[in-house]
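Each in structure tokens, the structures are laid out below.
The same chain A turns up in both complexes below, where it pairs with chain B and then with chain C.
This part shows the complex of A and B:
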């Protein structure tokens, strides 16, 4: 960043730099000052070449959309899934560049490109210098890839995992402003939630929100901007009332059904385009409440596709009922019927006398066990649980209600209990394109210990949770929960009560972790595939994309 | 009683009377069927088995699955069914009948693949005889393809045998024999260690066949596998069935061999034709269905399997380096991709 144009006092700047290098959160005044500086710089730049900056913003917008949102082009089905992710970037860029030069006869396209590229290079060079200390290898390696390689533009990191970069935060705030439907008052905007507490430096690129006060008390949410059903959903997410991948997706789809029911097309607008624009601020709001899960991302992609496929001559009532029907079908096929199909395949793997180990509360695994019990298979279950969520208690409750004999242990006792286990059943939050399983934190630990004891590990996952992302570690993309959840009060004494005041202490409450495919023996899924090895997930993704 | 209800009766009997073989059940149903269909059905049942045994006798070098498929094709030609569904059901029951004669995995997988292949075309013709003709043509095509498969496998694999190599193999496998034949034909010098492979001492048969090719061969005890592995450069085995995970089902002792070669870091190659791919996914040794573990006669006569010793075992994919098939050289994880393409 060319900070040389700043005319502030040098000591104030020093403070900010020191604060940044220590990794502590900047105070509010410091942040505001930074924003003012950048606004000034931007105004100066904008005065120089007005249209070029507009072009660069337009170009950055399709690129900064998160990777799951980009679909691989239909003709490149032969490409492997990981390489299909950067491929859409060059496809979307020429599309956005094409309309712009048409109204700019003054400067030629090549000159503009060269200018933009030079500016990008300068920005990138200074950013590299700043990010030297933090352990963000993934970010730097992505930004280091020079644009003059085969791809015309470098794929940028999605904005939600660049929390420690104040420019990105500012851009995000501006983007939320811009997502207003036209005619809205400028000061009523979608709230930008503030991070809470000290973040461990390895995870400083992620958001960390506090759950102490409900969201509505922290920020004002104007009801004219966001539909009340979505506000309710956001609150339910942020307070942890609706948890679990399937539950969140179903709740999301029901809220969107309500939105569609209450929607009326404004005059001179088309339903297919306007409704998609209406949904954008809702999605940003929900992302602020709690980062979207992979299943929710896929559901949103599906809805957006259905909406944009509505023919323009369709009447509003008809279109709305068609959309509602589509959503119902999606829930029915991908979640409810898929669960039945998976249960049918999984029951073949449960034999009499089995001892099955499960972790946490997965709706799918509970369904399978209940179905197997109804088909009079004789087995018993060991439920493994972990702090601070203690979700295993919910699973225990559901299974014991059915009459299944269960044992309950904490995750620290897993190696003690494993010699008597015959199979491990795990649920998944998402299955990544390189075969890794993303699930609740603690899952990879259980898979590792099970492998050491030679116990087969079975993962049950519906196909709508398969996502195109590739991840090999749990650092790059994760979710940080409220750190205060880790504080425990025993006999009236809370040792960690003042943890914020201890400068060398950080509390880390991770939500997800990633299990490599070597630890997973079998993936049970729907779509007629039944049982597949973990390494075949990219094949399924490829086949699914061809079908769609 | 029409064919479909007779099949239902067949399955019922199968469940209640486990000690009877499928052949016996067939005969019992046949007695309840009316005269016209009875004649056609009964003739095909016994003839089926006879034809199968005949095929095996004529060409001992042919894989049992190929013989089964030839028999099924013959059955298709002679079938006098009136509907396609009936045809499909009778083919499935014929396959089941054949597994009653030879319970190897390959026979059942070959039969299933045959059925899939012939029905994987548009059967929208009005005339049943035309549909049958299409199916027969597809069947011939399938048979032709799989007769060439062994040659294709040999062509792919022989390049992995270097001059001066010492090879370890297990029991009697015709595919491995073919591969070694080809390598010997390419004037490569190699020596072979063969495990004796009890209880039927099939390894000695393999040693005999190799001596005819002028290849130096040594027969070792099954227990001496760990002892001999340090002298060996690579291990090649055949397979009776290739499962969805990329693992294989083969003569008992293969799992041990694979474990030892992994411990010694020697490459473990599997040669198998593509019709041996089967839609099973065992998690461990126990998970393999009983119908594959024991010989067909044992299945029919013995009640309590805990006294019997299984004749096959399951080798997990983590122990296998490469699989040579007529679809190409595959890693174990690629087997599932191929299966998805075949079956999806």
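This part shows the complex of A and C:
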């Protein structure tokens, strides 16, 4: 039993990898199997019998999966990218990687050989893929290919989740150097923002910046390299004056409008190509001030597309006014009208006597509630808030100003308050392609507790926030805010003032988390779709891509 | 272009006439560099490429001949000359150059020596879309004895009262003691919007302002304002909280109407009207940020006019407009730049004792057996043997004969100190001669032609 298990081991892994690369959502059994596999890798050789029983379970798998004839070619292709393959495994995975080398002496020789072979293939493949992954836990890759195609996709990891890899950082610095606006002196370039403070090890692959060290320190004061509107925007992002997905997108488009207005095509250049190149350094600058949101990414994609679609014989003035018009239309359609449409659908779901729970400050949810109140629905609202941002206070202010009766609690009281809640309305930062909802940290907890109490959870999200990323946990791709925000002064004492001097202390200020679709009952969105289940997001994305 | 720099260098130095009756204030040597070099250096370091300098013809002439200005300052200086004796205030000067101003401006005074991180002030201006952003610093006590000062220092009677909000950035109140005849009164509208206000008095105004272009346009309309610091800034601070009429309401009372129109027109001039105002509004509405908590109003209380201040608590910030400040600046200014203390072209004999905190200018000649401690010696100065110079400031072209003992004094340019003179805490004016074997303590020695005519 053990021997067969040994030889089958690497095969099973590759099967599962292949299934993953095909984009099929892992079924529950497969997920469980993965989890079990990792767990047994953690445990010592004493649990060999468990492993054996699992192997027997796994043996059934090759019978049910596609014919073995197709195994060799897909195997070779999957072997190319096993390290880059998304391993959206639960938290135990990063921890399990560490004990794996420790387990080595306990395993048998043949198994060791097989593992070594697999690891060598993995390293070779990753070197081919131009990303060094030396035994560190892989991050998700952006699956650009549609899920159905079975391609040998070499997935590249984005740099913003590889901060602890010094090679990647060096590459980023070089890229910023190269990205200076054309025609500029060599020493004027987009500055690189330094990370600040000790990062908790689970999140050491992400950037962590300090609000007290703004990027403008390194930019000349009458900023010539970067358009002043963009500098102002970057400053407003990093200081938190413009927060919230919609606000950031609108402010970004506003800044781009000013850039386009002040733009003049240099001689011998085409507007459609040159303007896009001009925008690249601005976007890297904004990215350094604060990592771009999914909605901003989509807006940028749209603008770039519009710019490249400008015919070359178009005069500059005409082209510029066309672009400005496009931006106006985009904002109008995707944000303002979308909000109206969503409000219309959502109001149907609000009945008299409802107790609605909201979390944090989502501009869309606030809009919906205000509209519902104007349409004379009788309801009351419970606003749940969390530190350190305490955005719920702003939501509370806006609702109370309208005249809605509100209750305010902190997130620790959610389970106390939920028995009296009839619906939960949540806003979203982005909706991922596998149906997960990415939103402010704490949202997944609210959804979880609401599920436990059988309270319906409705997520309101415009379609321009749907993004093609896939993520199943909040570790891989997230944003770390300034850790000093967690420091409070109560009664004159600041206990965490010297947190940097305590070597074993790390402050973690997460911004986003992902909620699985099992906890979300409905997504209310625009584009005539009304209410869709969470898992229909890839369908919407596909339809949108076909339309465009 | 984002910001245009304007340097005000036409001031007369009315508070240190002993120093400035011959040398205009912007060209006074501090650490062997003209005073104007310091703000220009600050602007150059942060990345400005052009500066508009408002000054007098005399200063312009001196600027073109001064080697320091020509060599060290790489920016393009656009010099605008104004009449020296005309009573032109700083705001009048801005009005004078209104044609050249195309964007927001950064106004600096020529007597500011500071190592502030300028981005702190400008970031406030940018991030909050402010109308005014200024720099202030905690005042330092001047510890050096000032020559010629008789008796104790007079307590500051012209205090400035500066009110800031909880965060210490928003400027709520600004008044000078001279304007507050019967006590400090704070408007209720301010208290309602900002219930916690910190009022500070020990602050030095660095005279560095970021102003929106709309303010310059406003100045051209209102010719009554002549000084930025004295009138414009308090006006803007007050205007933050005045009632704004956003829609022209038709009032029955004709008087009221015209008055309200005047009010609203001035407000509309000051208001930042960008072309995409509705987009900015939308972004602000959707953003879940507020600058204050606890009441029902939106960010900034819906006010469009905002004044911000950055208060430095560490670092150098001096305004060299009094003799004490001048002396202090001479002590500390060398810290701002890394030039060698001794100029390479100075001829210093080996048997001279020189402290490490002294500065010797170019083409100096220092003879044997001299002792120079904690002093600044200007260009082309000759110091003969057996001279002891301690804690003093010696300007350019001075001749100090043998055996002199100079302590805690300020010797202006082209003076001659006779042999064996003993000067303690004196101020020797320009081109003066001190007779040999003179003993002066705590005196101001200026020529008779400089004395006031009664």
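We adopt the following convention: the second predicted complex is superposed on the first by the 387 of 548 C-alpha atoms of A that agree within 3 Å, B and C clash if a C-alpha of one lies under 4 Å from a C-alpha of the other, contacts with A are read in each partner's own complex, and residues count from 1 in each chain.
Just so it is clear, contacts are C-beta pairs under 8 Å (C-beta built on N, C-alpha and C of every residue); 3 or more make two chains touch, one makes a residue touch a chain.
Predicted, not measured: the structure shown is a model, and the values here were computed from it.
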Superposed partners chain B and chain C on chain A - clash or fit: fit
Chain B versus chain C as contact partner of A:222, first or second or both or neither: second
Which of chain B and chain C A:250 touches, first, second, both or neither: second
Touched partner set for A:543, first chain B, second chain C, both or neither: first
Which of chain B and chain C A:510 touches, first, second, both or neither: neither
Partner chain in contact with A:235 - chain B first, chain C second, else both or neither: second
Touching partner for A:394 - first (chain B), second (chain C), both, neither: second
Which of chain B and chain C A:363 touches, first, second, both or neither: second
Of chain C and chain B, partner touching more chain A residues: C
A:409 touches, of chain B and chain C: first, second, both or neither? neither
Gap in Å between nearest CA atoms once chain C and chain B share a frame through chain A: 29
Residues of chain A contacting chain B in one complex and chain C in the other: none
Contacting residues of chain C [partner chain A, same complex]: 1-5, 46-49, 106, 117-119, 122-123, 126-129, 275-276, 279-280, 282-290, 293, 296
Complex interface listing, chain A residues touching chain C: 214, 216-217, 219-224, 228, 231-232, 235-236, 239-244, 246-248, 250-251, 253-254, 257-258, 261, 331, 335-336, 360-361, 363, 391, 393-395, 397, 400-401
Contact set on chain A toward chain B in their complex: 349, 423, 456, 458, 518, 521-522, 528-533, 535-536, 539-540, 543
Contact footprint of chain A on chain B as seen in their complex: 244-246, 281, 283-284, 287, 317-318, 333, 336-337, 340, 344
